[in-house]
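Working notes, structure below.
Chain lettering (A, B, C and D) follows the sequence in which the chains are written, and residue indices restart at 1 in each chain.
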Amino acid sequence: MSTLAVEQLTIATADCVIVENVSLSVAAGEILAVLGETGSGKSLIGSAIMGLIPKGVSVSGRIVVNGRSYDAADSHALRTLWAKDLFLLPQEPLNALAPLLSAAAQVAEQIKAPFAGADAAAALSAMQLDRQHHRKRPFELSGGMAQRVMAAIASVTRAGIVLADEPTKGLDADRRDIVARAFSTLRERGRAILLITHDIALVRALADQVAFLDERTIIERGAASTVLSSPGTAYARRYVASDPSTWPARPYERSRSAKVIEADHLRIGINGKVLADDLTFHCHAGHIAALLGRSGIGKTTLGRTLLGLTPPLSGTIRRPHGNGGVALQKLHQDPTRVFSPWQSLGQSLEDMRRLPGGDQALRRVPALLQRFGLARDLLLRQPHQISGGEAQRVALARILALKPKMLIADEPTSRLDPPVQEQVIRYLRDVADEDALAILLITHDRALANAMADRRMVMAAEACAPARLLDVTRPHPASRSPDL
Amino acid sequence: MTAPSLDEGAVTRRSRPPLAIVLFGFLPLAAMLLLALLGPLLLTVDPNRQALSAASAPPSAAYRLGADNLGRSIAARVIAGARVSLGIAVAGVIASLVTGLALGFLAAFHAGWIRQVVMRLSDVIIACPGLLFVILISGLLGGGIGPILFGLWMSQWPGFARLTAATTARELATDHVEAARLLGFGRGYIFRAHVLPAITPYLTSLGALTVGANVLTISSVGFLGLGLRPPDAEWGAMIAGTMTFFRTSPHMVLAPAAAILICTLSATLIGEYYSARR
Amino acid sequence: MPARRIAGTVAGHVLAAIGVAIAVATLAFIAVQAAPGDVAFRIAEARYGERISLQTVDRARQATGLDQPIIVQYGRWVGSAMTGQLGRSMVSGRQVATEVWRSFQTTLSIAVVGVSLALVASLAIGFAAGMRRDGLVDRIFLVVSAVLSSVPSFLLGIILITIFAIGLRWLPAAGNNRPGYFILPACTLALALLPDLSRVARNAVVRTMQDFYPTYGRIKGQSWLRIVFAHALRPTLVPVIAYFGPLVAHTIGGLVVIDVLFNLDGLGTRLIDSVLAADIPMAMGAGLLIGISVVVVNGIADIAVQVLDPRLFNAQPRP
Amino acid sequence: MITRRAVLAASLVLGVATAASGSFAWAKGDRVLEIVSPREITSLDLGDTSYHFRRLRVAETLVTIDPEGKLAPELAESWSVSDDGLSWTFVIRDGVKFHDGSLLTPEIVRVAIEAMRKANTNSELVSKLPIADVRVDGQAVVVTLERPFNLVPDFFTDGPAVILAPSSFAQDGTVKQIIGTGPYRIKIGGKTSVDLEAFPDYWGEQPHIARVHFTGATSPDTIANMAEAGQADLVLGLSQVLRDRVEGSGRVRVKQVQTARINGVFVNAADARFDDPVERRALSLALDRQGIAVALFGNPKAAANQLLSVAFPGWHDASLPPIRRNVEEARRLLAEAGWKPGSDGILAKDGTRFAFTMIVGKQPEVASLAEAIQAQLAEIGIEVKLQNGNQGQVLESVSKGTLVLGMTRRNYGAVPDPVATLILDFAEASAGSSPWSGVNYHNPKLESALNAYIAARTKEETAAARDQILAVVNSDLPVIPVVWYDYNVSISDRVNFDSVPIDALEVSFWIDRVRWAE
């Protein structure tokens, strides 16, 4: 029987201890989920087990694989277990697959037996990957398909222990379910799975055992059913509560405030390709409108069209005026990239002086920083030296200092850990309520939209036709929820 | 599970150049440039003064690096040559850089026929062998500084224009430029605070590599006998003029060859350093 | 689908080849005309050398139709080039097509051997140095390549000649009448191309190794050899092949020097000599062939890159 | 991929294999005489490159010059002149076959001479003969002149006077291939190289070496490399600057002879700077001939003190003292002629600066010589700017009248008698427009002396005319001699050193006389 145990694992750099005295164990046919925020060192635990610790990082403790005990510092010995006992399912599988080999070939090369092709096809089909995709190469696969190919590769290796590191990073909610099914299949085949993630929904769907990692060490562990329903520690409670699907849905309320933006029969697209057509909607001051839809359908393009960054193919947009051209602003998905990487954050804010009305805006900044709980010494740092949550709040502060009328937030929290996501999204709600700001929240997370938005719209398309916009604020019994 | 995100983004973006680059890259080139600038002050001997009786003299107290086949001091000519060789090489790069920068920005900011014209013209010129270009122009116009400079400029500005256009276009598509635009910043500011710092290492790298390549090109043209007009001391022409004595009096060739090697090597190291850093 | 794409690419490159070839030939014509001085004197100098006189200049002027308007001369050339006639040299009186073709063969044999040598060596060096970035091999390579790229190619050639032709007497020092004549020129060319090409290869390998999939291949239990040859070689070759455009320009430029050093009658030398000698049909013929060669190599490289890495086909703008 | 790699591997293997077989064949000695010359065969036109094919012993003339510089019969068995000096009879050798198997007949010779008459250029001497009529008389060809002309046989030794088979010519009269009568025939011809093989039906003695390969190489370094690598058995016309280097390689010996060629400068006698012979003498005195001869040409005896070298025994005056550099005297002469130093140190007279541009070829010894002249003239206040160029550009500036001073490498021995060349340069209607001699220089004394020489009927008349010519040329200095040109032949150890004739007049390579070393 395959088992993996980690005993008193400590990982440290010269300056600080990252993980201290962590012990874990997972048995065959079982999934252990390790939950923790970015920077909590959870990925390093996986690295230590695989013997992939980078230079300058020291490890101590023991790794027990199928009853044999290894020194965690002996990466050479651990590497001999690759593909025989240990297998890794990495984050972003598209980067891990050989770029120019077909899915079937990548599975087949793991099988050292005659008729590997047939076995490979069987393994891929077992992971619910249709035959038509078997010949495709990684760049032709979606993220969810790639993760299933990886699972198929894991299923054909002899390795009984599978480490999965953030397998759903960058995936939509619906694709997350497909990946979850692939992991269930692996579990049914008797693999012991160590799932390292911050995705609370995935853990809810899959895990048998859960361990919360916070500040170097595991603070709570136990059976998933008990820990997730009644967490014992404040951290775990906060973590579990940050899952938007547990939040109450926002009640529908008819909007009475002014229309800030109006789009009329808008047709959008890029490079002559029509992505969506006949889009008619408007946003109100103080309201959050959520724009849902699967990735690639044209949500971001719609946002850019509204902002005036991409010309519409036809139709009209009436944009808010006042405050010069800055009445309409955008909150980006990757907040660390919205500041010039060659300046400190303070310098970037300071440069607002050059804008018309910039002096006034600059005077509002300290109060805004305080409102969002940001320390002033943060401004001395470069954009890449602060966390995503901090960066998103600084970006929000910079935008609000200019007193815009409307904010288009394009997946503003999808790269953030759940607790941070909750914090940022609640600030957004506050801003909408208190500053009467209209917000168009572009997201693929239906639960988030349900909990936060006053209005919900879905972009959906049939076959190859351009996408249309549907209002799903009040689900009508007659109209079925469109396919996401 | 690549490199763990311990110091993600802590790229060596602002690190100081390592000692090796300073020692073998910046210092020798700076010394050569200084030599070129101060050349006339350092010279105690006229680099064109001949003493036929001392022709081909090996290094001695009177002739530190020996004398060439016309009895001229090689040391003096190497120093005088720094002004000519490096001068042309650097002037060629500056002219190409200025032209390339201007046209590159134009192409990046105005996606339209201007961009098409600049890019297609660059494509054609880049596909042309630059050395052939310089050789032809020098040959047709009877050599001299002007034709060589013109040839270098003609064949090199497209490289700078393409690099500028490509990197600028890439920077203009970034989130931080988009954010700055939405906040209402003007083109000048975006250019200065967002684009210029991004493309500087690329241009520095290309510029340094091109200085090195130019020194070689000038020497190749000199080798073909189409270079500068005699008696101007230019390293390539010095080699070309004394190549024949390479095996009998190697000192005549080695001194200018070493000067070329030092300049090109240090320029290459600087260029490589910046290109690895970006 | 890729087949149709490639057919389209080929058609585009053929059109480009015709355009560029005519453009280069026209440029050669303009270069001849734009130079200061009387064209007839330059032709006579090339024909008669030290026996030049005013009478021979006049003879050259009449014999070559230089007394006619420039536009007529150009028009006549374009007309005959359309039917495959490149005319006769104004200097030697021989068929331009034959002469240019012979030069082209010389250039091609040296270029093919030289570039192949450089390519094989570059890939070997590139993998040796790039697999362990900043390792000992890599550092040695960077220094050696920087030094090599700082030596003028004619000096490299002279060093090779001194060792292998004069010292050891293994290979001919010049000319193309002896077997193996192309080895030293090709080696000189290879050495001249090596620094840049191997740096491209090394950087491509470094890039590939920065990707996660080679490491992941090991985690999947694959051997290094399989990872290098089955997984990583094709993506690594792409930047190397994509470098062929500048490479062919470097090659032609480098071959001019090499031709002179080894007394070979190559295409680049042919172009320069004929432009300087105002041998208009020859200059235009040589320009035509150089233009076609450049575009053909670029086209082959373009198609090879797309075949090697179909990802570049499907590069679609992100929504 | 596999095909790609296979092709690559195959080409490498092929390359190595041919290299290996090549060096093997080379070591065995395929016994091809490899000869190299710094001059390329640029075209087939007789006016252009016929001298190449004569030197290669492919084509022959009626009269030739033996290695000692004397006239010798070739396709003409003998020749005679009538007493009035107007009628020259050349008896054509019987049984001479062209390389295509056809027979040489007097009629072919007559047609060839008629064609030569029409050429009318300075580089085709026969056209300068005052020929009235050419006719066949049995096995002889008779050339009738309008006036007496002593140098008819000499003029028929000229390169373009080779007799080719009728099949050599295209319909429009241009040469399409070289079919001569010489001991060698062309196997394969190209721009830079020609393969020759012995012609079995040659009328004279069969050559000792059956196969010859000729390479023309303009780069002196390349030539030296080939000689040092043992790749060139004979380098005919090895550049002066390369002599020491090639000989230093140890496996090559060099034969040297002083030729009839002069390295010097010529001036535009109509230009204000050089219209006075005093100015030309001053320039002559400013030049350090001994220094140049030693430093640049490695031969102190090359310093020229007169126009004609020892290659012309009857014309060279061995008693003349060397011209020593005398800067003071040069300055004094120029001051006498009215030239005063300006504020920048450059001489000036009536607003004319003593400054001009000189066009320089790219041969290393010419470039160095130009730089030496430039530096030496600078010391007497003359500014010379150098510009890379060629003789065509010199001629162009001559025709435009802008030339002030040019460099010359005039060969006075194109035919054995130097007067032939002197007439072209100084007495013909077209004189004074050559890129090699005095421009706008006219001296009635010289012209009458030259005409007297060619019409002279007695030895005394000839001697008197000769002395007059020498006196004017060496004092008037239309061409200022600097160094005599040495003709060097490098001979590899594969070749019998003594069997190689050396030809001061550069008429022929005499390769049919060369033997392998034992």
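FYI, a contact is a pair of C-beta atoms (placed from the backbone, for glycine too) under 8 Å apart; a residue touches a chain by one contact, two chains touch by 3 or more.
Given the structure is predicted, the values throughout are model-derived calculations rather than measurements.
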Centre-most chain [mean C-alpha coordinates]: C
Whole-Å separation of chain centres (CA-atom averages), chain A against chain D: 86
Please work out the Cα centroid separation of chain C and chain D, and write it as a whole number of Å. 38
Express in whole angstrom the distance between the two chain centres, defined as the mean CA positions of chain B and chain C. 22
Quick one: chain A and chain B, Cα centre-to-centre, how many Å? 47
Expected list for chain D, residues touching two or more other chains, is 221, 393
Mark out which residues of chain A touch at least two other chains, giving numbers and ranges. 50, 52, 88, 90
At which residue positions does chain C touch at least two other chains? 158, 212, 215, 234, 260
Those chain pairs that satisfy the touch definition: A-B, A-C, B-C, B-D, C-D
Residue positions on chain B within touch of chain A in the complex are 1, 3-6, 8-11, 13, 174-176, 178-186, 189, 193-194, 197-198
Which of the residues in chain D end up touching chain B in this complex? 220-221, 224, 239, 241-242, 244-245, 248, 288, 291-292, 294-296, 360, 362, 364, 367-368, 370-372, 374-376, 385-389, 393
Can you list the residues on chain A that touch chain B in the complex? 13, 18, 38-39, 43-44, 46-47, 50, 52, 54, 57, 88, 90-91, 165, 307, 309, 324-326, 328-330, 332, 334, 336-343, 351-352, 354-356, 384-385, 395, 398-399, 402
For a test of understanding, state which residues of chain B touch chain D in their complex under the given definition. 48-50, 52-53, 55-56, 69-71, 142-144, 225-226, 229-231, 241, 243-245, 247-248
Enumerate the contact residues on chain D facing chain C in the complex. 1, 8, 11-12, 15, 18-23, 25-26, 39, 42-45, 47-48, 120-123, 174, 190-193, 195, 213, 215, 217-219, 221-222, 225-226, 228-231, 249, 390-393, 395-396, 399, 409, 411, 430, 433-436
